[in-house]
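Next come two complexes built around subunit A: one with subunit B, the other with subunit C.
So, the complex of A and B:
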């Protein structure tokens, strides 16, 4: 009898453990790019080492990246970005922690493109701001990918542009997110 | 007097041209040539462990430096820019040294022992509660052998 209870408890524990990971998807090689149109030269950069986790049950969503992993077409742009604007030594990471507010509308068994709303805390350059944006979750054969695009105002994150180039650099940048998730087993 | 003015003008133009050329060269300077750069050598297990045990020490030894890492391939995949991503095994299950290749090599496959050279961008912690360990990341990688 005692043995039976222990086995039953073990089974319950295993089921709850499996269930906690059941709806969890992640990637460590997501992509975040940004683009800024300027009078001098357009600025763009890609980071393909974005860690992201999404819980399809609760809608909890997080992103984390290393600022120095952004690759720019020009070495000098990359140097300026890390040393003068982002101060990557001091603030090595940018993160987002939030929630997909309409996660309930998504059915993982139905392939399709789901337009979703996201809100949460975006931390860049040591400054955290609450943002809301929209994105798309694409479900295909049980695989999940996500895309989103939003603007970031540099002054919101205390990113200072040297006065000599203030007029030549856009006040905001367009950030594009693209992740292909795999299921956490 | 007129000659003096002309000389000053000439010096100013020469100075402006010189500044322009220097600025142009600086703006267009190439990225570090990872392939031929001197590298700090280590192996995947030691590199990962160093970030786990003493992050400050690991940063001063590896961060933003060209690192040559030896290790066993855990997984090979492609990212969204069609760059090869090679994961090297560490002593922590599910955690890797995550290398984004600048030159794809079809020959690399799981189980291979490889040496990869790239720039270490650091460590991103995963989500412990969710059982997702972090990785140490290398960018602009080349296979050394």
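So, the complex of A and C:
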């Protein structure tokens, strides 16, 4: 009898353990935009097909996007971006793999706006750099949305801008992230 | 009893493992990574990847490439052809030579797959207009196509005064003067690698009867063009049109051109050598008197500047 109870408890515990890795939320249409500001020209582009997975238990956070899905207001810019700067044929994806370091402060049952810290590896143009940034997680009725903004220095990722257009493209680009997550069932 | 001990121990270990897992700041757990790769695979299945920039520009050198201007983009082109290299050092190998031929053209993308253009060139005082329609795009993924296919049609009108028409060419008084010529082209191109593309251009030309002595006014030709990237911004292009021998006009040669183009964000500069002086399809495909082996080839350049008119639609 006693053995039976312990085995039952063990099973329940195992299940709860499994569940602890089951707090997965994801999106297939997250939005990442970037903005380059110089005295001569402001350039912005949006990507609305960003994939992201966040584990609300461990704080593990991933992003993945296709560089050629960035939409520019000027067609020529989009071609130059893919052909000359990002070399999207060679490096089709940009990714981020990291962690929300203060995931423990978040209570999914408590609606609210949580300011969080994120760190991890950002891979652009085949170069991986460790970055840290802050962001906001908004919990509302169990739904999660996230926003963040950080700067990326082009030289860090070995993206060369030809001298003829250096005045038109900022050296550091502001990247804005905005995702509405759904729960993985 | 030993089973219970084992279970308790396992439970405790799992618990510790779980906690360390949560503390590990860079670790992505297996299920997270699996979900991400699942999503990526799903998206890749729905995604169609189109070959971008098979050629750098809407024209290879003289003739059309499969590239179209994007919607609402205006392209202003200036093409310049100097005299033949054989004119010697005294004429600075053609640069001092007169007449030279200059073409000014305006081209516009109505949709991403349909563009139009008008132009004037000095040689034979020619006005021309064309449209180009992309029928198929080379792609992989959800929609697969090995090639890009476009159709282009050009009409050219020579506005030479009757007194200016070469007497050797001028039709006898009983024949009606026909100033208009038509060119129909099918363009099929494949981007074989990041840097290399080839294009075939089956072409039909109906020539006018005042600018060149044609035996047959309907001429079939097949063109072949290639592009090789030399660096991110610099391309080597080559273009050749072969006319069916029994249709070729006496004294006309097949056109062969080589060019290096440099794209610098909105501008494309092309420096080229060609045996053709004419700058509309009918002229360079069927009315090229110059021969490479006679050093009749000439130097020229093309300049293009694009302007985005209004916002781009998705």
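Operating definition for what follows: the second predicted complex is superposed on the first by the 162 of 185 C-alpha atoms of A that agree within 3 Å, B and C clash if a C-alpha of one lies under 4 Å from a C-alpha of the other, contacts with A are read in each partner's own complex, and residues count from 1 in each chain.
Criterion: contacts are C-beta pairs under 8 Å (C-beta built on N, C-alpha and C of every residue); 3 or more make two chains touch, one makes a residue touch a chain.
Source: prediction; values computed, not measured.
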item	value
Superposed partners subunit B and subunit C on subunit A - clash or fit	clash
Touching partner for A:178 - first (subunit B), second (subunit C), both, neither	first
Contacts of A:74 with subunit B and subunit C, given as first, second, both or neither	both
Subunit B versus subunit C as contact partner of A:28, first or second or both or neither	both
Subunit B versus subunit C as contact partner of A:62, first or second or both or neither	both
First (subunit B), second (subunit C), both or neither touched by A:90	second
First, second, both or neither for A:51, with subunit B first and subunit C second	both
Per-residue contact with subunit A, leading partner among subunit C and subunit B	C
5-13, 41-49, 185-193 or 257-265: stretch of subunit C that collides with subunit B	41-49
Subunit C-contacting residues of subunit A that also contact subunit B	21, 24, 26, 28, 49, 51, 53, 55, 62, 64, 66, 68, 71, 74-76, 184
Subunit B residues within the subunit A interface of the complex	26-32, 63-64, 77, 79-81, 83, 85, 96, 98, 100, 121-122, 124-127, 130-132, 134-135, 137, 139-140
Contact footprint of subunit A on subunit C as seen in their complex	3-4, 7-8, 10-11, 14-15, 18, 21-22, 24-33, 35-36, 39-40, 42-43, 47, 49, 52-53, 70-71, 73, 194, 232-233, 263-266, 306, 308, 311-312, 314
In the complex, subunit A residues that touch subunit C	2-3, 6-7, 10, 13-14, 17, 20-22, 24, 26, 28, 49, 51, 53, 55, 57-60, 62, 64, 66, 68, 71-77, 79-80, 82-84, 87-90, 97-99, 101, 104, 119-121, 162, 164-165, 168, 184
Interfacial residue positions of subunit A with respect to subunit B in the complex	21, 24, 26, 28-29, 31, 46, 48-49, 51, 53, 55, 62, 64-66, 68-69, 71, 74-76, 78, 92-93, 178, 180, 184
